[in-house]
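In this document, chain identifiers A, B, C and D correspond to the written order of the chains, with residue numbering beginning at 1 in each.
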Amino acid sequence: MTPLATPLAGYLLVAALLFAIGLAGALTRRNAIMVLIGIELMLNAANLNLIAFWRFGPHPEALTGMMFAIFSIAVAAAEAAVGLGLVIAIYRHTNTTELDKINRMKG
Amino acid sequence: MNAVFYILAALTLAGGLATVLLKHLVHCALAVTVAFAGLALLFLQLDAQFAGFAQILVYIGAVAILIVFAILLTRGSELPKGGVFSSTWLVGLAIAAGVFAVLGWAVLQSVRAVPQQNAVPVVTVHDIGNALMGRYVLPLEIVALLLTAATIGAVIVAMHEKERQP
Amino acid sequence: MQGAISFHPDSALSAIAQILWLIPAAPIVASGLIAMLKQPRRKAAATLAIGSLAFSLLLSLIAFGHVLSGWAHGAVVREVVNFTWFHFGSAHVDLGWVLDPLAAIMLVMVSFVGLLIFIYSVGYMAHDENFTRFFCFMSLFAGAMLGVVISNSLLLLFMFWEIVGLTSYLLIGFWYQKPSAAAAAKKAFITTRVGDIFFFLGIVWLFSQTGTLVLYKGGGGAIEPAALARLLSQHAGLGLSAAGAIGLLIFAGAVGKSGQLPLHVWLPDAMEGPTPVSALIHAATMVAAGVFLVTRMYPLMQIGAHPGGTTVALTVVTWVGASTAVFAALIAVAQNDIKRILAYSTISQLGYMMAGLGLGGVAVGMFHLITHAFFKSLLFLGAGSVIHGCHEEQDIRRMGGLKVDMPLTFITYAFGMLALCGFPLFFSGFWSKDGILEAAQHWDVSKAPLVMLVVGALLTAFYMTRQVCYVFFGYWRGQKVAHESPKVMTLPLVILAFFAMALGLIGTPAWPWFHAFLENRGVKFNLHGFAEPGLGLLMLASSLVVFLGLGIGWWLYGNKSPEPEEPDALEKSAPWLWAGLRDRLYVDELYGVTVIAFYAWWARVADWLDRRVWGGIVAAVAWLFGLWAQLNRLLDVYWVDGGFDKTCEELSSSGGLLARVESGRVQNYLRILAAAVVALAAVLLWSSRP
Amino acid sequence: MAVSLDQIFILLRDWFVGFLPAALRPAAGVLLGVIAIVCVFPGLFALTTVFERKGLGRIQNRIGPNRVGPFGLFQPIADGIKSLTKEDVVPLSANAAVHFLAPLVLVVAVFMGFAVLPMGRNMVLVDMDAGLLFFFAMGAATELSVFMAGWSSRNKYSLLGAMRAVAQMISYEIVLLLSAVSVVMISGSLSLPKIVDAQNQYSHGLPHWYIFTPWGLAGFLMYAIAATAETNRSPFDLPEGESELVAGYHTEYSGFKFALFFLGEYLAMFSISGLGTTLFLGGWSAPFSFLTWVPSWIWFFGKMMLSIFVFIWMRGTLPRLRQDQLMNFAWKFVLPFTLLNLVVTALWRFMGEGWARWVVCTVILAAAYILTGWLEMRRKHIGPRSYRYAE
């Protein structure tokens, strides 16, 4: 069968690809902020999954997937705030945001 | 599978790729914004109006701005000396590829099994509000607490600490 | 259902019932604001506290008027507002408030007395540096107490109940720099906890049985016939129905709060707090909370009683109350601290209320509660004024002759004292106490309570006379000369004195307005109320008892003012009895040798376990290892060759290999994580593929 | 007659669309609406510029533009021609792509906002279920464009201006949202037409606008403050404080792009005052029941222009704040009071009909405001202003 026979599969594949891209970014970039951005991308891919499952799932009126997505958006916002705050704090300590220069616990 | 979906998917993925590949951090931030916008449009395409707008409001309105601020505050706006990719980028790429392979395989394996309904679900904001206030009220409260804690925490973490003399 | 907090304002509700919640809300908000004020902002603090409580009083009066008018039109006024707090699973917890005669009366009483005490403490605490903190706590307390009064859900009541406990702890320990105060605060808190645990058990049990904690809910409430019938049908063993058992548990909470036997020990020590606190908490309101609780839950206690009969719960209430009344009165005879005497008399009066509830029902007990609230707070405030005037002297043996120095205080104090003794006809105490005695007279289970209560009345008259003689008659035995208190302190005294007299008139047998109001029946004035069989005799008897007590007191202590050193008049005649009474019948000592001793012993056991057993084991292990080390050393000495070093190298190198993973680089960890995820997912999929 | 006058635009649209094949009609209808918006508001913008310049002139005892055309009414045309014909300078080190994109993003995002505003009875482009959310989402997008402009033009002034603008917009956007939330709580809907309908009813000839309730009044004040800050208008116009940083984030823009920024700012002003009108001032509903015959869109635009005039007035009157004052004001004064307002609104919602809720809500709000003012007075933070005139 063709991969995109069903709409759900299309969305899931896009989400998977986006997830992989985000992961690659988080794994390969040096800058801490870029890692955070990659993580945000991964979260978003997950959200896309949730929404897609909600839309094509058997019980859309239960709103479960939607709620999950909304909550995870909120949580992602919090995560971004704290993460970036940490990055800034680290930058104050060791004048760099290059991850492979930051490998000691005590600054 | 209509054209709109393909266009939006292409937009989103292009934004994601640009985010990962571009050298300049600010460009990356802008590219990721494009990806966010594409995702929001995909949500709309999936008849999830509320989630889509929330996505725009939170990600483009707040997270993107946060990222940009962080970049400027850490002098990330000028290019680093050694390249932007870490020394062992190949491994990372391989692992990411592996993840995608597994996920894709899983999707193609299991998507047939999922029962699907293609009727457009009618979900008004009112329903969402009721669900949030009724069935999901506890999660809502917890998320509210979490956000408060995160705000305070972020402020405290990023605050200037006293210059202590060694 | 809309929202977790679904609110159904019933259009039939009157506006006052809808905004009833403002009555407790105002003082609580005020205390929050005061807490934010800075220490020197005294005026603002006092203004906030008094203003908010005045606002509450206003609303309370409106509510009272509303209920009154409803009653005058012969309607049973009970307006409830319930709302759902939260759901779990299928069950849901409701909160709410109720406006009925009971609540209305208590509201007026609490807010009125509280207001007077606030005004008084402006003068009393004038020199204290923590003025603002004091008013913060006080208004928090008042708000919580008002909350207890109006709450229609046992859970809500319990919450406010606990806030009341907390604030009383804070206020008793207000001068926490005094170790005695800190200790007293702790004692009060812990002792009341004991009762509260039972109370909470009762609540839980009630919820498990009826599935709701709302008291009144248009038939669906926990103490409305339907639920009560179900409770009655359940058997809890010991010949008790579930209703009776739950009632007893809840009564245990009341015992703790209003210092009944055997949990009364905290109340006298609580006198370490500032005097207004003693007046507000330990005379007017908090201790009354226990009685009020029993009154609230009265249907639960009463259910299953065949007409004219009684139930196990009520019998227990009666006995506890009566014995407390005598017991505390006995102790009060031999105290020398002006406030301790009042404290014990409070305990015994609370005993009267409990007995009244058990014997004669809601109205009798509540009537004594109300009158007592007024004259006892009057007495406390008077005592405070005396202490204030005598420069913080609390020992009555070092006072005397104050009727000259502090005339106003003396007169008002005398009024309160006579009311407490139950001086015939003119004072409220007489009528309320008579109601209880009459109920005891008609109680067909046993006549012992009647005897106990009469003896209690005698003792009451006696020790109050003793105190007054010591304080106000004779000549001055203190060091510095005493002075009358400022207007702001005496004014409340006068007002309270008036009520201490007048209140009796609403509860005479001729015109039992109060009882009728509480029990929602009509009332009209007829002198035949006195003609009930035995009533006249009883009144005569109790009057005689009172006169007897006064007489003995005067005879023993009259105008002769003994030196502080010389022994008490009673002590001379019966030293052994005196010693027992002075040492508070050794209850504290009893607890000391039982409960506390047990804990001390247990602590010692634990300590011993730690030191000997565990410590010993550790020492033994250490010794073994030491031995092993010695062995190793020998091995080293005799086995030093390349092999050993080689092993070490191997180990270190392998350690290095392992450490390579722990490079401290975030991305490595992330990488490993991702790889692991891949592996896991692959395995799962492979195993579960169709 | 009145009805047809009221619905004239709708009728016109339907009449025109009538000529098309049925398949195209919905799309064409929407397209017409878009065209109308895209034409009307820039026109309004042109008028407003001259309006503002003359108004400021009057406030400052000047005459203002009076050369081009009658009363200088054609001034905007001249300005337009000038800005179109000017050379488009792009700094050498600028980041060309972003520099070019910024104004477009701004204008597009702002135009999107108009899509959900009901400008008259049935006169809304798309009646979304979550219209309010959409509006704010679009508003959020503008911040990014501002940042793009400031960062891409590689200029300290621009960057500082951009950072200021973004910080300020974010801080005040929260207030904007929260004050709108109180309206949502009462009207129980996020769709703007529904909100207007909720206010479009009269008792004793007076309308049920939300501004005529305690919480509504307080909320409207907060909304007005936040809106002024959100559109970078004086007294919150630090991002383009000429005295400190030349023209803020659009220092490096010239010619048509600059004109786009200018347009964007004014459009933002229109849309935000339109939203304010919709939320608190009853949208297109008439102020008195006997005036309902006047076409609804006249009321909407009238109210909108009135608030625009207030903007201009404030700009002519108030001095500019300092950055720290701005932030403190946002986080320590406006935000707490908006939250308090939410609580009061909840009270209002739950207490049900009756005089009680009026008393309670009014007392709480008044007490809070008066107490704060009193404390500030005592701490000498604020006080009666003292003027000194030159002899």
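Quick note on the criterion: a contact is a pair of C-beta atoms (placed from the backbone, for glycine too) under 8 Å apart; a residue touches a chain by one contact, two chains touch by 3 or more.
Because the structure is a prediction, the values reported are computed rather than measured.
Nearest to the global CA centroid, when each chain is reduced to the mean of its CA atoms, is chain C. Remark: among chain pairs C-D and B-D, B-D carries the greater number of C-beta contacts. Rounded to whole angstrom units, the spacing between the C-alpha centres of chain C and chain D is 57. In whole angstrom, the spacing between the mean C-alpha positions of chain A and chain D is 34.
Centre-to-centre separation of chain B and chain D, using mean CA positions: 30 Å.
In terms of their C-alpha centroids, the spacing between chain A and chain B amounts to 5 Å. Residues of chain B found to touch two or more other chains are 50, 54, 62, 69, 86, 91-92, 95-96, 99, 103.
Contact of a single residue of chain A with at least two other chains is seen at positions 23, 27, 99-100.
For chain D, residues touching at least two other chains: there are none. Interchain contacts give a graph that is no line, ring or star and is not complete, per the touch definition above.
Per the contact rule defined earlier, chains pair up in contact as A-B, A-C, B-C, B-D, C-D.
Against chain A, in their complex, chain B makes its touches with residues 1, 5, 9, 12-13, 16-17, 19-20, 25, 28-29, 32, 35-36, 39, 42-43, 46-48, 50-51, 54-55, 58-59, 62-63, 66-67, 69-71, 73-74, 76, 80, 82-87, 89, 91-93, 95-97, 99-100, 103-104, 107-108, 111-112, 114-118, 121, 123, 127-128, 131-132, 136, 139, 143, 146-147, 149-151, 153-155, 157-158, 160-161. Chain contact summary for the complex, chain A toward chain B: residues 1, 3-4, 6-14, 16-25, 27-31, 33-34, 36-38, 40-41, 44, 47-48, 51-52, 54-58, 60-61, 63, 66-67, 69-71, 73-82, 84-89, 91-92, 97-100.
Those residues of chain B whose C-beta lies close enough to touch chain D in the complex are 26-27, 30, 33, 49-50, 53-54, 56-57, 60-62, 64-65, 68-69, 72, 77, 124-126.
Partner chain C is touched in their complex by these residues of chain B: 86, 88, 91-92, 95-96, 98-99, 102-103, 105-106, 109, 113, 130, 133-134, 137-138.
The residues of chain D lying in touch with chain C in their complex are 350-352, 354-356, 360.
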